[in-house]
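Presented sequentially are two complexes of chain A, the first with chain B as partner and the second with chain C.
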Partner chain A sequence: MKLSILLVAALSIVSVSNAQKFFTKTGKISFDATAPKSPENITGVNKTSICVIDTKTADIQFSVLMKGFEFERALMMEHFNENYVESDKFNKTTFKGTITNNESINYTKDGVYPAKVKGKLDMHGQSKDIETEGKITVKAGKIEVSASFIAQFDDFKVVIPQLVADKVAKFAKIVVDCTLDPLAK
Partner chain B sequence: MKKKKLIFKIITIIVFLIMGVGLYAYKEYNRKNVDIAEAKAAYSLTDMQLINEFTQDQNTSNKKYLGKIIELVGNIKKIDTDANGYHTVVLGNAVNMNSVRCSVDSAFNKDAHNLSVGSTVVIRGICTGYNADDLGLGSDIILNRSISINK
Partner chain C sequence: MILLTSNAVKAQDKDLLDLVDTDKPKKEVVKNAFKSIRVINGHSMEFLSPGTMDFRILHRFGQFNIPNTFAGFDQASMRIGLDFGVTRYLQFGFGRSTFKKEFDGYIKLAPIRQSTGHHAFPATIALVGGMTLNSLPYADPTIHNYFSSRLAYYGQVIIGRKFSEGITLQVTPTIVHNNIVPLASQPNDVYAVGFGGRLKMNKRTAFTWDYFYVLNGIQKDANNLPLNFNPLSVGVDIETGGHVFQLHVSNSAGMNERAFITETTGDWKKFDIRFGFNLSRIFQISHKK
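Here is the complex of A and B:
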């Protein structure tokens, strides 16, 4: 009797720690580029982002389709796609990085862990190193990733015309909010 | 006298012009996103036809479909619900790894409850791109702001 309980316990531990990779195809990535005195909010949200984490190698990757950003006003969306990020030419933004403090995160135990991420953000044909701190929450076999960082438009050659400079800031605060499921083999 | 009349005419024209430009700017500024329920689809085809086109030639398909409203007839392979309760209807053939992922418009999220896996559905949405097979889980075409159409 005791043995069988032990066996079941052992098996369940194996099945939890077996999942090495976690992923989502419905990750939420939003940005806020509202200038300090702007009368309206310049925000967009993408709910179809891909995120993959490899818990063994500490690799973390994001892939975001630029045309997938939704805006309050149609005009904002058109300006974003046509003039700023030129989504016809550069339809995808990717981030490839590593979780630098991966050893301090226990992916098999529920809890909230601070996470440090370092990597390369490829957007608008430009590549830039990004380093930020976020939070990894392990809950019921799933991983929640939340982080935010600033992307300067200059670094990515995104030009904001003088005409809208009072509304659109020179940088965007990017907020990441994804819930990842274990990748079943 | 004649001169006065002419000046008056010019001023009237200018005032109307300014009003016209103002009205246009106001309308443009307040323009809402396209109403998918009312909009006409640029292309109508089946889920498998779209998948075949994208897997065969990504660049040509991107040029043809990105940002366009597409209406698809397809089989519901899966319905994903994320942590915020938003649904994604996954179209495709159950034996084929590739699929079309239709992110349901938040205003129509309730309608998605009536859909069931394995049934045929007509979905209209905006094509936002193609994700190649990076995970070994099949490639995906993404439709945004999707709604199911009753025909």
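Here is the complex of A and C:
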């Protein structure tokens, strides 16, 4: 009995330290598109974002279901999906990129590492190169990814009509905050 | 075999997301079949989001063809109402109209909503039960009047489908029961079949139409000419962000099921039509945690 527990423990340790790929299905991605003088906050948060990192190849990829964004008001969510990002037509936003300074990150040692990420953001049928700096925190066999960047609505053909321009800004600040577990494959 | 090879091809693309994104598409209720909970007069297949309240102000002006009333704008009849979304499948509301000083209320329930993904269903089936209360003074106070004579009820089934982003159609068999009718020849139970639709023109405007075919409640005068008609309304929905405006023309002035199904007096052929609008503003009254 004791032996088997030890064996399981040993195996799990091995699998953790050997993990090359990390993932989450409950990553948090939020955005803020509040215009400067808006009476209400135009913010949404998605807590079911998918993120995968391959620590060997430095690949980092995100997939976000647009209908998964939650809002303060149900009407905002409706307008977001129907009028702005057109979720029925473009249901997912993906980001596929690489960590350009991957060699300076030690995924087996706990610590906070600055990370540079470069890649393509696909949203609303449009594709745009994005480059940003974030932070990778290695802690107890898990990886925390945090970053933020600005997406201009013009680049993604998301039209903000004059009628709501006093509330909705021309760009969104996007904040990424994901904790990744080792992928057992 | 095909599946296997396609997987292999994807793997070669180094698409990491495929490694974890294996979930089947979830069941998803089809939303925004209509911009509002009413097509124009009748209930639509759409439901309010849970925790929201719809504040609705309805106006019906006078008939265009009444002389010296600025195309009917000198006269106005209105209804003010509140509607509440309880769950995605349950909604209720009440209101009061100036016509007959009538109160009305309803509960709308959807056993099935049109959905995609796992356990998808192609149409929404909803049930509406409502009642109206006439609060005018009794016509003849010298006789014994029953309170129940003020009441009327209606029941409705809504079968609707959003065929595409642009096209929604629905059929609404309806029964209206009047506890009291002015003439012995009039039926207490009036059956009608409603048809409603939407043609979305762009993100913020849609063309709508709303028609009820009254099966047994059309009254004839001594010359066998009809006294009431099937209500037909055509209009445009305009969404401005915070509000939805439903502008329309109609041969009906009624703003609840009893009134527009059994008491539509205008004849489209004689241009007995009027301008009207519904103004809807949705408030969030409870927040989910």
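In this section, the second predicted complex is superposed on the first by the 168 of 185 C-alpha atoms of A that agree within 3 Å, B and C clash if a C-alpha of one lies under 4 Å from a C-alpha of the other, contacts with A are read in each partner's own complex, and residues count from 1 in each chain.
Keep in mind that, in the parts below, a contact is a pair of C-beta atoms (placed from the backbone, for glycine too) under 8 Å apart; a residue touches a chain by one contact, two chains touch by 3 or more.
Please read all numbers here as calculations on a predicted model, not as lab measurements.
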Overlay on chain A: chain C relative to chain B, clash or fit: clash
First, second, both or neither for A:121, with chain B first and chain C second: neither
Touched partner set for A:47, first chain B, second chain C, both or neither: first
Partner chain in contact with A:79 - chain B first, chain C second, else both or neither: second
Which superposed partner A:138 touches (first chain B, second chain C, both, neither): neither
First, second, both or neither for A:57, with chain B first and chain C second: second
Touching partner for A:180 - first (chain B), second (chain C), both, neither: neither
Partner chain in contact with A:172 - chain B first, chain C second, else both or neither: neither
First (chain B), second (chain C), both or neither touched by A:163: second
Which superposed partner A:25 touches (first chain B, second chain C, both, neither): both
Chain B and chain C footprints on chain A, overlapping residues: 21, 23, 25, 50, 52, 61, 63, 67, 73-75, 77, 81, 88, 183
Of chain C, residues touching chain A in the complex: 14-17, 19-21, 23, 28, 31-32, 49-52, 85, 165, 203-204, 239-242, 282, 284, 287
Complex interface listing, chain B residues touching chain A: 28-34, 62, 66-67, 80, 82-84, 86, 88, 101, 103, 126-129, 131, 134-135, 137, 140, 142, 144-145
Residue ranges of chain A touching chain C (in the complex, touch as defined): 21, 23, 25, 50, 52-54, 57, 59, 61, 63, 67, 72-75, 77-79, 81-83, 88-89, 94, 96, 161, 163-164, 167, 183, 185
Complex contact set, residues of chain A against chain B: 21, 23-26, 28, 47-48, 50, 52, 61, 63, 65-68, 70-71, 73-75, 77, 81, 87-88, 91-92, 144, 179, 183
